[in-house]
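Read from first to last, the chains carry the letters A, B, C and D; within each, the first residue is number 1.
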Amino acid sequence: MALTREQLAQRVAQELCDGYYVNLGIGIPTLVANHVPEGMEVMLQSENGLLGMGEFPTEENIDPDLINAGKQTVTAVTGASYFSSADSFTMIRGGHVDLTVLGAFEVDQNGSIASWMIPGKLVKGMGGAMDLVASAKNIVVTMTHANKKGESKLLRKCTLPLTGAACIKKIVSDLAYIEIHDRKFHLIERAPGVSVDEIVLKTEGELIVPENVPEMVF
Amino acid sequence: MQGFNKVVLSYDEALDGLTNNMTIMVGGFGLCGIPEGLIGKIKCMGVRELTCISNNAGVDGFGLGILLEEQQIKKMIASYVGENSLFEKQLLSGELAVELTPQGTLAEKMRAGGAGIPAFFTPSGYGTPIAKGKETREYNGKMHVLEEALTADFSLVKAWKADTMGNLVFRKTAMNFNPMAATAGRITVVEVEEIVRAGELDPNHIHTPGIYVNRVIKGSFEKRIEKLTVTK
Amino acid sequence: MQGFNKVVLSYDEALDGLTNNMTIMVGGFGLCGIPEGLIGKIKCMGVRELTCISNNAGVDGFGLGILLEEQQIKKMIASYVGENSLFEKQLLSGELAVELTPQGTLAEKMRAGGAGIPAFFTPSGYGTPIAKGKETREYNGKMHVLEEALTADFSLVKAWKADTMGNLVFRKTAMNFNPMAATAGRITVVEVEEIVRAGELDPNHIHTPGIYVNRVIKGSFEKRIEKLTVTK
Amino acid sequence: MALTREQLAQRVAQELCDGYYVNLGIGIPTLVANHVPEGMEVMLQSENGLLGMGEFPTEENIDPDLINAGKQTVTAVTGASYFSSADSFTMIRGGHVDLTVLGAFEVDQNGSIASWMIPGKLVKGMGGAMDLVASAKNIVVTMTHANKKGESKLLRKCTLPLTGAACIKKIVSDLAYIEIHDRKFHLIERAPGVSVDEIVLKTEGELIVPENVPEMVF
């Protein structure tokens, strides 16, 4: 069975380590915050100028001066700090964030990513995504393995305008956990109940399949 | 003698000198930390053909969206403009030009403009459409793009508190692009929630020293929330 | 699990991993805002052949001067080294290399190192010996010099207060080069006057967020004054 | 009579305007602070991270954490602020300081200045001088017109290593107030009792002398 959104977040959360500073993109990446393993501490960075993002506020604690990069009202945890956008991207571009999680339209076997623009549709802008992918030491892309028409999103070469070139090394899709190196996709884990054949079928780019592909453990 | 008293009492005074075809830089992230009254005043003034540098373009009917409604903006330099259907219409019809810039690069271009750094290399956008026509260079085994600084005729800034000398303090994530905008305007106008006497702000914790600030006006703010999310 | 507790209890732990031939970046302006205990520990450790990035080189017998005494520094990157006769001797004898850098350029190179900006153009030093062999370019009718970022293996920082998570607050002009140094070290060690619990520092007024800080140690400081001047 | 140090500072102080942010170098420039005209307010910037420098402290108010760029203990005035060295040079390099006053070994008719290094003598370093001269909109150099041997310090071309190229427009020397434009020195005022002949004699660079050269008024 393909992973649910919550399971995707859960698998991504296994990439966390105690003491990590983490930037979570909009959508599924945001859900990762709900699956931080017990006893582990991570600090969430929001690129609009907050380190130490907390949960959504209660009705009484809503503060229009306190939002996240998705423009949602949030709270701040103990030990949080606020800073300017320039200082925020000093953290990001300077490689100080330990893990970045974001979605994508396409990733290719060179590690290039397309996530911000579909020509012909309206361009909304890249926001902070280009800075994040260009600079993060450790990026996990999480997305469905194929689009709604069943076409692979793990390609030989991205067809959409890039967000970043040769920067992605890890993908958690709804079918598999895949690493990228030597200009190839490497199948590391499969979603519970998903066959290697299905993953191979839905991966357009070159995929290295080891003899034994363990199922993800949650 | 006026000395260092930066306080003005009317929006007329606050935006005196702003004319057609000028470049304005506006602080804010989404609708958070935007100089609401100054934007409203620009609408009333009816100045046109503005180039506007701001991370976002507001929403329909609020923030910079109201200047789009009046077609006062000819060019927008921003990182994300997705919340505004009017923006889309004007963009597709060719009434509006847009220069999309990665958010971190935009923040750095504004800082550089204020800091006398005319250009810098950044890894952001290398290998993407953003780098088209720009000089690239390898440093530390990684490719970078040369980006140029941004400055403006007027910078419009929203701060929490100012003292009469123009020293500013921002509040929480309403800081965002405001400190850089404050440094990069030929004339920097700041709209604040509260004006205090000089000496009341802790000199150790002033976010923007008054040297960058030309005019301070006390505004009143709606602080509209773009995406209200609560924990049940 | 350690989580975000950055506090270490000994100087051994604070400088664990510092070895010969490394590059250290040290905050401070003159003797103001220098990590006295960390410098003292480096003397005790006896590591040698250090490259040291710091605005000044201390004075004879205090600050970085004590590392010069022990000939532990092979190269100094600084803007002003005039208060140190030992420095002069070692420089003239060729024991010590020095790379003089304009003060603003030095500060910007350190900031750039922490901010992932590998190089930038600055007007400072154009037409002077500093620009020799460097790329120059005209922007806005003015010539500029291309300068590269600086980073370090260890950054040694002096702050006033830290919380246990490494959030820092500096005091008055003891801030100087410390915030940039904090961002540019592979390992950043901070010596402070006081460690408080997380949550005690106002999140709106933290000068350096804990993300840049690896280790915090409580020091005790002599705070020697270089030029005592008083109003009679 | 050549101007005294205090008179030099007094003449420079006439370049101040109400509301000016001013950076004063070490030596005679520092004295300018004592001659701010009555009723006029200026804020002094010290490049080590202080805007709003005050007088030297009393014995009770000495604070080792509060020094100026000359490393002297100082105080801060009402409305002062502290900031990092990077932020300080953002002010300076960004052209936000209204007036910069500094000393020099030599200035030439192109506006180039040499002030930091005498080859053969020990090099102490340029500190912030190169940033200040490269960026300031408005710089006044104050110095003696000739050195102790009587040799001119206003030259056709600087002989010492430069601090900055083609950046100086105003000189207040002990003999004259001189402006630089069109690659020439222009004599504007002379010190009380100093003859135009003496100024001409002690100016090696090309000096334009108008028919009438008024005396400085204090």
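As a working rule, a residue touches a chain if its C-beta (ideal position, glycine included) is under 8 Å from a C-beta of that chain, and two chains touch if they have at least 3 such contacts.
Small disclaimer: the values here were computed from a predicted structure and weren't measured.
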A-C compared against A-B, more contacting pairs: A-B
Intercentroid distance (Cα basis), chain C paired with chain B, Å: 32
Intercentroid distance (Cα basis), chain C paired with chain A, Å: 35
Whole-Å separation of chain centres (CA-atom averages), chain A against chain D: 55
Gap in Å, rounded to a whole number, between the CA centres of chain B and chain A: 29
Residue numbers of chain B (touch at least two other chains): 108, 111, 115-117, 122-123, 170-172, 203-204
Residues within chain A bordering two or more other chains: 76, 82-83, 89, 92-93, 135
Pairs of chains in contact (touch as defined earlier), listed by label: A-B, A-C, B-C, B-D, C-D
Chain B-touching residues of chain D, taken from the complex the two chains share: 18-19, 21, 39-41, 43, 45, 51-52, 76, 78-83, 87, 89-97, 135
Residues on chain C engaged by chain B in the complex (per definition of touch): 108, 112, 115-123, 137, 139-140, 144, 148, 169-172, 202-205
Complex interface listing, chain C residues touching chain D: 29-33, 55, 78-83, 88, 91-92, 98, 100, 102-108, 110-111, 122-130, 143, 160, 170-180, 207, 223-231
Touching residues on chain C, where the partner in the complex is chain A: 1-4, 111, 113-117, 163-165, 167, 183, 198-199, 203-204, 206, 209-212
Chain D to chain C touching residues, read off their complex: 46-50, 55-59, 62-68, 70-74, 76, 82-86, 88-89, 92-93, 112, 117, 122-131, 134-135, 161-166
